[in-house]
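Two complexes come next, and they have one chain in common, chain A, joined by chain B in the first and chain C in the second.
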Partner chain A sequence: MTRRARMPDMARRDREPLFRVDPAALPPLSPEPQAPPRPVSPARVASGAEGYDLDGTRVLALPNPTSPEEEDALVRAFLSGLEKLFSRENNWTFLQPLLLSMEHCAHCQTCSEACHVFESSGRAEIYRPTYRSEVFRRLYFEYVKGGGLISAWQHGTVELNWPLVARLAELAYRCNLCRRCAQTCPIGVDNGLIAHEIRKLFSQELGIAPKELHAAGSMLQLKSGSSTGMIPAAVKDNVQFIDEEMTEKTGLAAETPWDVEGADILLIHNAGEVLAWPENPGAFGVILNAAGVSWTMSSDIAGYDSVNYGLWYDDAQLARVALLHAEIARKLNVKKIVIGECGHAHKSLLVVADRLLTGDLRVPRESALTVLRDIVVSGRLRLDPGRNDFPVTLHDPCNMVRLMGVVEPQREILRRVCPQFREMHPHGVDNYCCGGGSGFAIMSGHGFEDWRSDVAGRKKLQQILDAFSDCLSTSIPKYVCAPCSNCKGQIRDLLAHHGAWKQHRILYGGLAELIVNAMADVRPGFIEWEWR
Partner chain B sequence: MPTVELNGKPYEVDENGFLAQPLIWNDNVAADLATTEGITAMTDEHWVLVRYIRDYYLKFGIAPMVRKLCKETGNTLTHVYELFPSGPANGACKVAGLPKPTGCV
Partner chain C sequence: MTVLVYTAIALGSLVFVIASAARAVLYARSPMHLRWELYPVPHEHPDRVSHGGSYFEQSEWWKQPRERRFRGELAVMVPEVLFLKALREHNPKLWRRSFPFHGGLYLLAGAGAGLLVLAAVSRLAGTAWLDGAAGHVARWTVAGVGAAGLALAVSGALALLHRRMQDPALRAFTTAGDIFNLLFFVMALGTLGAGYAARPPGSADALGIAIGILSWDASVQVPRVLAAGLVATAALAAYIPLTHMSHFIGKYFTYHAIRWDDAPFGDSRKMSVALAASLAQRPTWAAEHMKADGHSTWADVVTTNPTDEAGR
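Now for the complex of A and B:
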């Protein structure tokens, strides 16, 4: 299919995708990576085309209606959800910005130039930020505002049928919700919010959401305590192992305090760190203990996992998890909650939850980046930056940086502990998403992992290669500092997909590890130059 | 759930090729799954990792920490990647018959 899909194509009844990524036709990378061979997933070969295809990949298990009546029922459910999105009682949280984004787009396309997915796809029309929004906007004017001839002339129309609804559901998951488009829009229209609201409609009204986010995500977290499936006994066992490792590695006695009432700080990590990158929570423990901070972790359900996947697709799920986090802090009577290196957890508990928490649930909440910055700047740690004498660049997680404006604290730290720190371009609030934003980093199957490495992450990969263009030789180890679990997972997959560790010795990791690696009282060599 | 044929036997797997019913796992199933990971012959080194992961899963219901896996089986992570090119989570856990690990891992 061509990259010039038109709006009516969304309603097409043939099974051909509207667009298919051709890796050879994507914008070139420099230097061109040599992708390593990968084992072929048998399931990918086995899964035939079902339903109405958007772009050859998919993240949702959509229903397969077999009769016009079944299709109508699904379209009616979609319309019912659409109505609710635009009513105050059902969507008091986001109604106002949604209405502004529906009513005021001037179709100037400034946003399209800011979107990494659109650009990196070779400007495929279906990934243009306004394409998705415009389909949705036409439905809004026709079915929520009443339509009519003048409306049709003014705003345009689009045929509403099940194929369009099915493709729109998938299309809501081709946007990272990074909101770079909203930042650049001269009017403040938020296409990221529109994609988010479409996801929400499908989850809250039709029960449709990626299983990684819902069934094996927020539901698993509410049931077991963590989206990783770690029950409280498992996390304590694992953290004890980390404490032993840290003691052995650093030469300083490491002990994680659990469920300490009245502690100054309740530290909540993304539990994925414990399993996949234990050196990160381990480094936090080393720093907090060395700085003499009063802190604790919680072994309550969800108390040891800051993730809140509801942020990406379902307000009710978001509220359930945010309330658990706040209740644990109230129960322990801590002075504040500190969120570890996890971007979406920052947004959900530090920003969005402000609209949910009342009374004594309004526990003060802070980013780990500012806490770490204060410790480093205070002089409480003896630091030897010479131990970090390798090239380091910094990725700005969208939720912490563009959304919250936490720009300088992590840089103040890096300038003190990393003599070869260099910026990506652009950076700070103008950064590009890693391509894993809004949960993509943990979503896979049906070729989606290729899509997010080839398309969604392409811009970030080029930024990383550019930041290290003076030192790409394998004789120089390099470090991409990504202080967010989701970004870290995506950057891992991105570097592996394009062979950047093997070809250029580019490794990735968090921020706390760089601090510990520079601590003079710690045995040298905290950061291990081994692919993980 | 799609069905794949491995060494002439049908298996129900998820869209990432992980076994749909982890309890049907045995050594023969592991050897069949290994073919999907580009492993032509399971060696003793493969089995040590797979058995550790399997035992841990049966005890705790999840995959072990990668670091624990390395330490307790005496492997470097680099060597785990040599044995299972897709890595411990996507390669070794698949061969050990676990469902795909969940959460931000």
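Now for the complex of A and C:
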């Protein structure tokens, strides 16, 4: 393991990473996975020749300046972005929270104990919530507030050069933006917000963002309608196929209504579900049709994909996608938009974009969890909880729960349909992120998948193992309910990486699937106990 | 000397008030930000506060009456302000040092306010009542509170300093300014306490000095060490709002204006006006996809699809 990093190390010019994950040295899991931890292969880590290494993995394709002049130009661009981040005309969206988080940290380190990334890395300094923030804060005092001797003495300094800028860009993507740390800060300083703002600086000023979020994410969505690349005709084809399969599987006629003007509900799923977990949108169709709900999906550009990756790195992209969603609902004249099982889509359209939508674009927006809860509680479906008589635990997606306060609806459902439901600890608003938050679940390459399973997701895996500690035998199938597409992707990778399906028969899936699996009018066995 | 002490106290108090107010105004005048709340939000309905839920848990929440229970906020704010509840919960080791320190400062502020009240009453009604039972009780109470405040604040600051030096995690993030700040407390309040305890017989007591300030009576004798303590404490009061230690202001905003700000846009005219003003700002972000040329407004930028060939 590399030596304990200090702040000045960010500016180091040697190519050695400041920290490198050694799976064998990470906090032990209980029970230990039988497969020994895989060493991080040098082939999978970032090549030192390509940039200044932070921790042996990377998610950004950073420029590779070849002369001091090129380095200077990049540092100047960074400083220009830094200044803009603190100006009203460029960053009215988050200026007040950012200023407060810059000005009032007491350096007490209370937040560090709340961070799963820091803890699960074996307390690597670079992942301490305050490490990234403090480097950034020192640059703020020096370059935005004017610096000077008194400021340097009061706030400290850090050398600014291209290696530091490059490492800071990467470091902004070692935080899940889960804001668990902010919840514990006695002053209300928000290290998650600081990481978010650093990401914005790089995206909005230097055009630097992970390709999965930008080029193949929000840009693709704005161009073709979905970050999956599905154009409207493709999504309709896929959903028709899902309808057919659902009809066959459940014995109930499943048909998805498209572009119905005046429907009560415009349902927008994370389009990734259609491709990766078709049983989830399929289950929604079965439930809504069986409950006699007036609903529709939209085949308009972006109307069938609720994702809004701008939430994690770029305000303009966030607003553009949110406006598209609202505009589609307005055109269809639906009574409300309902967001399917996707946490960040909930938060972006219901919460963050709330202060971006004007006039008739302010179409009411609701969570699918409350809609499902109402249906389940109303008795409109005949339910047989005995069909779900296996251990089930619930993951709380940060975006829906800590950051939005939707805590109970999913539990009301589970208590009714899953007799062996048990909580993880801690849960609800105190939950731990799955490790896939803020886009990590869809990001890969250069060993990043290993990093998010070994480090970012480690705490969640332990929580899952603990929740099932009384029934870990392979003879008992177990289900982690994750009502969020990105969390589900991360939990899939996490369980696979640590062999939890093979060793303990722990499966994962959404919430709607559990409801359909308990529907007495549906053929038994909707949930298939096969790894996917 | 006496006038110097009075001037320092007056200036220190003035700078404290003006700098604190300026900071509060700076934050209050920041543009409306996008929502960024963090649950639990304590003004929610008690049934939801217990698990950290929000109005989004209600179906068709926009048709339901909105809860905004000040009582709920008070139930969090009072223990937070008085007992630093979050720190006790999440960092008990530090709380054992920080709580006496902050508690001491509260007691000192209380004693200072008490002195001013006693001085003001004495100016208006004369000092004879101070020799009566009520006067004795009032004076001894203020003296006791002040002495306890000084002792707690100084020992708390020393304990915080010790922990900061001895805990590697804290030390790594400690600046020269952090150490100076704590030493400043120890030095200023220590001198004040020592100067007061060691003042020669017949010299003015705290109430005498307070009455002297109100009447700007230069004949009051303030012993040297006590004078030094008073000047240093006044300088400390002026210094606090210029630093991160003004978190007593910042914290109001981080809680009320961010963590707990769950106000939906709805039909709010105030928010409409604020949003219109922000959308009329002209950003200059340089990345290609931003399409922000310094002439386009935010409204133009967010209604431009950067993937359109024409970049409309």
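Definition applied: the second predicted complex is superposed on the first by the 514 of 532 C-alpha atoms of A that agree within 3 Å, B and C clash if a C-alpha of one lies under 4 Å from a C-alpha of the other, contacts with A are read in each partner's own complex, and residues count from 1 in each chain.
The working rule: a contact is a pair of C-beta atoms (placed from the backbone, for glycine too) under 8 Å apart; a residue touches a chain by one contact, two chains touch by 3 or more.
Remember, it's a predicted structure, so these values are computed and weren't measured experimentally.
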First (chain B), second (chain C), both or neither: which does A:S378 touch? neither
For A:A216, select first, second, both or neither according to whether it touches chain B, chain C, the two together, or no partner. first
Dominant toucher of chain A (residue count), chain B or chain C: C
Check whether A:R532 is in contact with chain B, with chain C, with both or with neither, and answer first, second, both or neither. first
What is the contact status of A:S475 with respect to chain B (first) and chain C (second): first, second, both, or neither? neither
According to the stated criteria, A:T66 is in contact with first (chain B), second (chain C), both, or neither; which is it? neither
Go through the superposed model and pick first if A:P364 touches only chain B, second if only chain C, both, or neither. second
Chain A residues touched by both chain B and chain C? none
Footprint of chain C on chain A - complex, ascending: 6-7, 77, 80-81, 84, 88-90, 92-97, 99-101, 103-110, 112-114, 125, 128, 130, 134, 153-156, 179, 182-190, 193, 203-207, 214, 219, 222-223, 315-317, 319-320, 323, 336, 350-358, 362, 364, 366-367, 370-371, 373-374, 401-409, 428-430
Across the complex, what residues on chain C touch chain A? 26-27, 30-41, 44, 48, 51-62, 84, 86-87, 89-91, 94, 98, 169-170, 172-178, 180, 243-247, 250-251, 253-255, 257-259, 262, 264-265, 271-272, 275-276, 278, 281-292, 298, 301-307
Of all residues in chain A, which touch chain B in the complex? 38-47, 212, 216-217, 220, 226-231, 234, 237-238, 241-242, 245, 270-276, 278, 305, 307, 342, 441-442, 444-446, 485-486, 489, 496, 530-532
Enumerate the contact residues on chain B facing chain A in the complex. 2-4, 6, 13-17, 36-38, 60-63, 65-68, 71, 76-78, 81, 85-87, 89, 91, 100-105
